[in-house]
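Please find one structure pasted underneath; my questions will follow.
Letters A, B, C and D name the chains as they come in the text, with residue numbers starting at 1 for each one.
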Amino acid sequence: MAMVCLSDFEAYAKKYLPKIAWDYFAAGADDCTTRDENILAYKRIRFRPRVLRDVSVMDIRTKILGSEISFPVGIAPTGFHQLAWPDGEKSTARAARAMNTCYIASTYSTCTLEEISAAAPGGLRWFQLYIHRNRAASQQLVRRAEALGFQGLVLTADLPYTGKRRDDVRNGFRLPPHMKVKNLERAFEVCKMSPLDPSVTWNDIYWLQSLTRLPIIIKGILTREDAELAVRHGVQGIIVSNHGGRQLDEGPATIDALVEVVEAVRGRVEVYVDGGIRKGSDVLKALALGAKCVFIGRPALWGLAYKGEEGLQDVLRILQDEFRLSMALAG
Amino acid sequence: MAMVCLSDFEAYAKKYLPKIAWDYFAAGADDCTTRDENILAYKRIRFRPRVLRDVSVMDIRTKILGSEISFPVGIAPTGFHQLAWPDGEKSTARAARAMNTCYIASTYSTCTLEEISAAAPGGLRWFQLYIHRNRAASQQLVRRAEALGFQGLVLTADLPYTGKRRDDVRNGFRLPPHMKVKNLERAFEVCKMSPLDPSVTWNDIYWLQSLTRLPIIIKGILTREDAELAVRHGVQGIIVSNHGGRQLDEGPATIDALVEVVEAVRGRVEVYVDGGIRKGSDVLKALALGAKCVFIGRPALWGLAYKGEEGLQDVLRILQDEFRLSMALAG
Amino acid sequence: MAMVCLSDFEAYAKKYLPKIAWDYFAAGADDCTTRDENILAYKRIRFRPRVLRDVSVMDIRTKILGSEISFPVGIAPTGFHQLAWPDGEKSTARAARAMNTCYIASTYSTCTLEEISAAAPGGLRWFQLYIHRNRAASQQLVRRAEALGFQGLVLTADLPYTGKRRDDVRNGFRLPPHMKVKNLERAFEVCKMSPLDPSVTWNDIYWLQSLTRLPIIIKGILTREDAELAVRHGVQGIIVSNHGGRQLDEGPATIDALVEVVEAVRGRVEVYVDGGIRKGSDVLKALALGAKCVFIGRPALWGLAYKGEEGLQDVLRILQDEFRLSMALAG
Amino acid sequence: MAMVCLSDFEAYAKKYLPKIAWDYFAAGADDCTTRDENILAYKRIRFRPRVLRDVSVMDIRTKILGSEISFPVGIAPTGFHQLAWPDGEKSTARAARAMNTCYIASTYSTCTLEEISAAAPGGLRWFQLYIHRNRAASQQLVRRAEALGFQGLVLTADLPYTGKRRDDVRNGFRLPPHMKVKNLERAFEVCKMSPLDPSVTWNDIYWLQSLTRLPIIIKGILTREDAELAVRHGVQGIIVSNHGGRQLDEGPATIDALVEVVEAVRGRVEVYVDGGIRKGSDVLKALALGAKCVFIGRPALWGLAYKGEEGLQDVLRILQDEFRLSMALAG
């Protein structure tokens, strides 16, 4: 079967992944309305194509927080990559480096930050984190990431509690015994409770800033009000995200929320978006609406499920080709 | 099968209830447009989720007409609970008390008011009534309810005649011989005709007030004009309702009508809503749009059909958990 | 099978009529968009139900051009009733008289005007006509109708040529040999060509008025401009109609066009509507939007197909009951 | 099977063409959204039908760039007609001449311009071209077309690169060995690279004008801005086109874009439209919105696939009849 577009990888993953893993990756909260809206909202946006422009040479490189990437598509933080491919996040890191783009490693990785770093030395990587009840655990993770050369900290703001994903409840989802949330093993030593702290507020940004010189990117902003608060609290970037529709169902699609966030931010910090990117033309739409770069979540997992780092490179390469073609055809 | 969300209970009830009972509970008038709109209208409402707020402690208790309930979801009046579970309304009363919420017992109960009261002493209960052709019958019911400690009277205003529910006509719906509309047995002694009076007008509210010291809640209001009339006639509460889409088809969804009713009422009386509540986030939407509390109809029957009072508690507990999670995730 | 609503009759007719007859009655032009829009447009209209009004006594009689009918639903002109029931238009006439409503007999009847009149003496009937190339043929029909006691002339304005109904073309639709367009047999003696004249204009209304003292109702108006012209040319009534979606596809639904026609007419003549009436609540909507009466086309044929005049009475009685109930429930 | 409307030809072609050929003709870019929108957008446009106008005589002839055609429907440029019928573009030319309309021969014809000319001497034909990297190749084609009596040059502006048509990629689409892109055989002698030049800009229009006295029609305009540029650069006509939805997906439907182009052009040049024409009423809509003439692409291929030039004539004749009928019924 030819892998022509991202939905081919989706079909492959659905067919070959264990049901419990597929369901976990595919899950959305409640009725999955927002998960699906993320995609539908892109379809509602229409191009106004221009013609007879010289599109023989196009430069699709961009910079995010000062680092150049080969095209404006990075890897969003998602958990448990070993569910998709034995080498897990190590493959992800290799693919991202090979394609010269940014990979945001999740706290919920099945490889340690050290393994990820060692797998693809020199790659551009950010680290995604939550703030834990025991601040020491968070502090430890931040210090490790910084020491390993991660170049940004992505604070996830939309998970005070985990959203209700019905299939995961039905499946009694948990990691198979041979996989571990390795980054948190040490953290759990100092904090036996559920690690995430639902009492976190904007003031905790200041605490985080006090720990590190790394730029802080906040992920999970969907409103102009929170965008303004993020800028005022001194973050360096915003990822407009609804956690792939896995947290609060029936909020806005990210591409729709992007518009009001970009407007509120007025260029003071970089704005990115994730959720619903399935074609190169979606990337172009996000950029046209003010995003500096997009991040892909599930499609990256489908790529891993197909052929590990090679499969993920295929996914990225297809998006890159489609993005370049869309730019040319849109003039 | 895990019971994860309310539609699991719906599927169970559809599978295990006798067809004639399922059809009766599920029925909507004519093309069932309004019945289905009640649900679809909730889906059209979108949240604007806020992040980084302290949601570690949330108080979801509320008060309706001065009585505290553990969370803002009560049991709407529906008839014939023995069709769903042998103990009928006695189970409903026990579940409502166990969950510390309000149960509106229907005139068309298959248990007497006395049986209902005895089943769950001390529970918060209101009594739903119609005005009968023979006013003495209504008067008798009001006095019984008051004497038994019911704390509110819910006057249903949208049933001068019964709506046309096609499946019930096809099925020739009637109660099985061993079930009875027990509250009306005595009433029928004084009134052999169809008991409900289609000539009832707003002035009959005054008559009802003259009979009782209980607060009067009017159920079936869908317009600002009628909301204003209700307030002027001195009711204590309004339930925005279209009778679950069982009366006039192609009227508004209740959540849509709620907006104009709340606006018209301007806080002078409490406003509640029923119809279409299927998830905790629906409850949150109704509250955000001005409802003090919501009431569930069919989902309560599905819970009864599943496991009697235990099943109904499951339904209420799921709604409670979902409601609390939605509040946290919406910030 | 219980016949509960009009779609039950539709299902029956589809099952038991010869395919060629069903296809002919069901046919719409081209993609049948307008035929289906007639129905969908009613569904888009929402009631604002009022409560606590005295609906114990309701008078649903009305008058059209001075004649009282028992409720505001008449029989629209449709052709070839013998395709639905052996007695054809004679049964239609009897059913209409039994229900005390108005029947508009079509030029394309399979019974003569004389047979129709004799079948149900004293019934309220109008005669539908086209203007023929040979004016003498039209004149003859008008004189016959007037002499037989028809009380109105309905001029169809939207059929200069027959619309393209694909199934009829595929089926090679024609009347079976034992049926005849009896009213035109004599007319064809004087005019061997296709009888209808595509050069007819508004001035021909004057010619028609010169032939008869009967009121003239014009059928097929869909715009305010034509409604104004109709009034200026002295007609007594307007039927807003798109010929059941059988002529120009992708014009407006009749219930939508009704609004602008009523507005343009400003009460100077009576306005009626046909197309898409399937429930009593549709009748109520049409009246609320300014129609004096509605006419049903296909549903009448389904009734005939079910049980002749008895079946048509069933259809009318269901509409009447539903209409009365809708009025009560809408307050 | 009776061929009653264009979709009958579509069904036939889908059934009898080799899959690879059907897929190629049917292909749209990416998700085929724009391909399908071209059709759906026509359905959203509603007529306001007028009645009682004299429609006994209607003249449906028109002139495009001074040449009379029998009705306002021409043949859009599409490639590889031998995939549909052995005689390929020769049949197309004959059918167009027989119906007295205009045929725009594609650069990607499987017959040479000379063969096309010889097949139907005297027919009205335009030639569609791209601008090649090697300008000499384009120059040669222009000169040949002019010498052969083609009366217009249609410059395709929306194909700097070929759109991504997934099925063609999956099928590994290429012409069977016995077919050739004959017009480019000579051109390829002087240019071994991919012939089309993505660096073409508006200035190249001037170069093209310097080569020929033929009028230049630009194809692929979708915005008012580009329409204005086209007029300023001295073209004689504009074809509003999105290449049948085969280039940039999720741009506007052509009938929607037509409105803004017509408005921008203000009558200074003729405006045509292609894409989505499936019925005579679509033609009427396009003309009512300002198009001078429409062109059909896929329907012409379906006609060829059915019976060569005879099948294409059938398609054109159906459109002509439907167009005339729509005009009469719309008044």
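Couple of notes before you dig in:
What we mean here is this: a contact is a pair of C-beta atoms (placed from the backbone, for glycine too) under 8 Å apart; a residue touches a chain by one contact, two chains touch by 3 or more.
To keep track of the chains, here are their UniProt names: A, B, C, D = (S)-2-hydroxy-acid oxidase.
These numbers were taken from a predicted model, which means no experiment stands behind them.
Here the chain-to-chain distance from subunit B to subunit D, counted in touching steps, is 2. Listing every chain that touches subunit A and subunit D alike gives an empty result. In summary, the pair subunit A and subunit B forms a contact in which the copies contribute largely different residue numbers, shared numbers making up under half of all those used.
With rounding to the nearest 5, the Cα superposition of subunit B on subunit C corresponds to a rotation angle of 90 degrees. When each chain is reduced to the average of its Cα atoms, A sits farthest from subunit C.
Averaged Cα coordinates give subunit C a centre that lies 44 Å from the centre of subunit D.
Between the CA-based centres of subunit A and subunit C the separation comes to 62 Å, rounded to the whole angstrom. The set of subunit D residues that touch two or more partner chains is empty.
If touching chains are joined by edges, the resulting network of the protein chains shown is one closed cycle, each chain touching exactly two neighbours.
Chains touching one another form the pairs A-B, A-D, B-C, C-D.
Subunit C makes touch with subunit D in their complex at residues 30-31, 33, 157-158, 160-161, 163-164, 166, 169-170, 197-202, 204-205, 220-223, 225-226, 229, 242, 247-252.
Residues 2, 4-5, 43, 45-57, 279, 281, 322, 325-326, 328-330 of subunit A are the ones touching subunit D in the complex.
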